[in-house]
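Here you go, one structure.
By written order: A, B, C, D, E and F. Residues from 1 in each chain.
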Amino acid sequence: VAGFWKGILSRRPRSLEDLGLSRETIRQIAYHEAGHVLATHLCGDGDTLVYASLIPERKCGYGLVKKMPNPHFMLTSTRRELENAIVVKLAGRAAEEVIFGKDEISTGCGHDLAAATSVATKMVAFWGFSEGIGLVSIDLETAAGVLEVREEAGKILATQYAKALDIIGESRHALNDMAASLIEKRFLTAEDIRRTLGKSASL
Amino acid sequence: VAGFWKGILSRRPRSLEDLGLSRETIRQIAYHEAGHVLATHLCGDGDTLVYASLIPERKCGYGLVKKMPNPHFMLTSTRRELENAIVVKLAGRAAEEVIFGKDEISTGCGHDLAAATSVATKMVAFWGFSEGIGLVSIDLETAAGVLEVREEAGKILATQYAKALDIIGESRHALNDMAASLIEKRFLTAEDIRRTLGKSASL
Amino acid sequence: VAGFWKGILSRRPRSLEDLGLSRETIRQIAYHEAGHVLATHLCGDGDTLVYASLIPERKCGYGLVKKMPNPHFMLTSTRRELENAIVVKLAGRAAEEVIFGKDEISTGCGHDLAAATSVATKMVAFWGFSEGIGLVSIDLETAAGVLEVREEAGKILATQYAKALDIIGESRHALNDMAASLIEKRFLTAEDIRRTLGKSASL
Amino acid sequence: VAGFWKGILSRRPRSLEDLGLSRETIRQIAYHEAGHVLATHLCGDGDTLVYASLIPERKCGYGLVKKMPNPHFMLTSTRRELENAIVVKLAGRAAEEVIFGKDEISTGCGHDLAAATSVATKMVAFWGFSEGIGLVSIDLETAAGVLEVREEAGKILATQYAKALDIIGESRHALNDMAASLIEKRFLTAEDIRRTLGKSASL
Amino acid sequence: VAGFWKGILSRRPRSLEDLGLSRETIRQIAYHEAGHVLATHLCGDGDTLVYASLIPERKCGYGLVKKMPNPHFMLTSTRRELENAIVVKLAGRAAEEVIFGKDEISTGCGHDLAAATSVATKMVAFWGFSEGIGLVSIDLETAAGVLEVREEAGKILATQYAKALDIIGESRHALNDMAASLIEKRFLTAEDIRRTLGKSASL
Amino acid sequence: VAGFWKGILSRRPRSLEDLGLSRETIRQIAYHEAGHVLATHLCGDGDTLVYASLIPERKCGYGLVKKMPNPHFMLTSTRRELENAIVVKLAGRAAEEVIFGKDEISTGCGHDLAAATSVATKMVAFWGFSEGIGLVSIDLETAAGVLEVREEAGKILATQYAKALDIIGESRHALNDMAASLIEKRFLTAEDIRRTLGKSASL
């Protein structure tokens, strides 16, 4: 399947329809990306959006939200900023759950979850930011350490995902607008995003 | 034994009888494949059947149900689609249990179970699709992680196998028709399959 | 000791007496092999005996029961057939226990036990044939998996060994006849075995 | 991000502002370093401060407190001296918590925590200085040993961090003075530090 | 120390006194070897003694009891024979405990214990000869298996050591005679051993 | 720090003062070595002291008590002798605790503890000298074995350390005399040691 996918992408598809995805699947991807956009806007700690896109890119899968890189992320971030970063990473999945239901969450959430887990893992193992384990640096080379850290990281992720569901649930109108724009234009500049958000009075 | 099997196949047997299998064993293989066909028809999420066969193929064992490859499987599949995929993979075993009883399930179910376990494992470890472990990405390089994921994957498999038994149990007539066609013709095209399914009013 | 043994065998001994084994030890080996013969006859699922022998063979130890190879064993075997195969593998030990008592079981049972464990292990880990673990494929590369599978395999072996003791215990006369023939002739063809079994009315 | 950071530093930035850090972040770094300075002064067992700085240095991150090296540290240190060393290492984090609150502790505490954990680990595993494990040398090559030592080290760290919070909490005025000096001058010599401490009557 | 020892032996010492051992230590070694001799005589299952010696031999330590090699040991041994072999291996230690008390058992028992553990381990893991684990072959490459087997092997060793203490305790006179002969002559042939045993009426 | 230390020693310091150690630290080292001297005298099983010194030696740290090597140690040692050897190894730490208190025990005890642990570990794993694990040889290559042995070794060490505290506590006067001699002369021959011990009537 990986080879197939590569083959398809090397033919430079211009749209998700070219990849053979159904209308319904494209709609779901749009909501996923819209979730990331909204969460970045609402609790991104000043992260700057560059664009959101549904145009297939090599190595980036079916959709993408691009942000300005923050060279200080995880170097001087505070605990609260790290928690917000996790909310943003899980907001795509949260949008899928809010709109399509738990059974219809798609596998597109896998890499987001891996990235969020990576931040949560460092919070527990390196920065001493978990209540359960507390203030000690844990060597992740050891099996026991990995398991213990995993449990604590899971608690952090559960808490932040609940926040993501709240944020997305309270901003359904904005989410619908953003997803609709994405489906229509397939590529939203920072300016497009700002204008779409402006329409949603509730934000 | 593996070498023996290779030897037999390189002599290009034309039938399972050529491989020395008994009438009863061939009947059981037919029901196994018929189970896969039926489950694909009933909950295959639009998967397209190409053919079902009892003609020995190199590296494919004694029987085979061929489907069109879905390049997006596990890339944009939803949780529900993954569960259905597991049902389809376990439906061969379910058909054996329904018709021949639990003690007569054959070892032909081994690779199906490995494939179903692989999907269930990713559901738990990568997509956060299990209730017990929840939302966290788990590194399967660690022994503890593997065990934990295994338990959760086992629960998913048990639930989906129960569904497979239900589906097959409720479609016994169709299953009998499909197995009979397979035993008679040894190779069913998509058209043959459709016609056989058409005879079973209950579907 | 391994070198010594090799040395002895390279001198091509013609009998177990040449290897320096006592009369009593040879008698015990005869009962061990007779146990395998009887169990194959009673629950061998059509396995064909070729010969039973007490003539030392290179790499085969002190005694041997030779069967026609079954190329489909473990490829299309049913759960019940696998259980029977375990009974046959443990029947040599069972014969020793029935005749000489638990304290006099010999170390000759080691390789039989390893082979029976191997079948029971695949039943649990690959074919989903255990009640305790159920329907999930288990990766035996992991320590935790190995332990769990070992416990379940142990239960399967205990159940099948109890069956083996029953079968052998109920066929004592036939066992005595078979062991006596083996001690007398040292090599029994399929025809010899059949004739000896024929004498035991109880079978 | 690592490459980005390297790139920035190779352009020899003259201030944290050159690195693009916000006013608020710089203030937090200043308090972190001021915490180390204060704790060294109050329970450093005669450790001599050389300078404290907010000028970016290659490989030293955003801020630095330099002390005279003590060649006998951990060679003839007493249990009490090791505990004090841990207090000093955790005092930067303690200062952040006291001033900005638990949610705003920054990731800058990671290397301090690793260093404090390393001392606490040797206390438990090599010097027999923990109540829970007691008098035995523990091989940290083994997974079980690592876990056990980790738990005990965690208790030592929790106790010493509580001390650090106390010390810093009781010296808030001195902390404010030191942080203010650091923000103003960006580089404090031993003499500057002494003068700043002199102003805080409570010490 | 190993090099020291090697050095001493290469100078070909003619007696344990040449190695600098005290009178009391030599007496203890004599009782240790006498214990092995007695146990071999009483429950050696026909093992043939060749000689017992207190003359230092390269690689054999301070004392030695030489037996005819049994090429069938562990190939056709019965459970009871293996248990007796363990009694013989532990009888040297048992003799030390009976004569000098538990606190004065010497480190000379280390290799005996390793050899007895090796037999007990195979009894549990390969021949299915333990009550606790029962009938299953255990792969000693896995950590969990090793631990489980170790516990069961420990129970077998405890039972057989109790037997060894009984046997030695009931044969104190014979033990005294044998140790005295060894100290006097330093080398006892099979004939010497037989004559010494003959003197002890109680045997 | 290791390099630093090497550097210092290669300049051949003539005294601990040359290494920059404080008067108080030197006093503590003297008591540590005096503890070893006293314990060797009181329960050294005939071990012969060669000298005690506070003169820095390459690779030997800050102080040293030299004994005649015993080539039979651990080859024919008895259980009681091994326990005494542990008391001697822990007596330096015991002296520090008795004189300076638990909080002021120095890190100089690390290598003593490692050596004592090594003896205790072999007592448990190789010679069967622990009550908890009993008579079985344990392979220290396995993680589970290491942990179990560690716990038992810890119990042996705790018992022997209690003995060391008793011995040292009851010989305070002799300890004071010995430490004073060491501080004054920095190098005590066997004769010096004997004379100093002679002054302490209580011994």
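Methods note: a contact is a pair of C-beta atoms (placed from the backbone, for glycine too) under 8 Å apart; a residue touches a chain by one contact, two chains touch by 3 or more.
This structure is a prediction, so every number in the text was calculated from the model and none was measured.
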{"item": "Most distant chain from chain B by Cα centroid", "value": "F"}
{"item": "Far-end chain from chain C, centres as C-alpha averages", "value": "D"}
{"item": "Angle (degrees, nearest 5) of the CA superposition of chain A onto chain B", "value": "60"}
{"item": "Distance between the centres, which are taken as Cα means, of chain C and chain B, whole angstrom", "value": "34"}
{"item": "Chain C and chain F: spacing of chain centres that average the CA atoms, whole Å", "value": "60"}
{"item": "Of all residues in chain D, the ones touching two or more other chains", "value": "143-144"}
{"item": "Touch-based graph of the chains, sorted into line, ring, star, complete or other", "value": "ring"}
{"item": "Chains in cyclic order, anchored at chain B, direction fixed by chain C", "value": "B, C, E, F, D, A"}
{"item": "In the complex, chain C residues that touch chain E", "value": "1, 4-5, 8, 19-21, 25, 28-29, 61-62, 90, 93, 100, 102-110, 113-114, 116-118, 120, 143-144, 146-147, 150, 153-154, 157-158, 161"}
{"item": "Residues of chain A touching chain D in the complex", "value": "69, 71-80, 82, 122, 126-129, 133-139, 142-145, 148"}
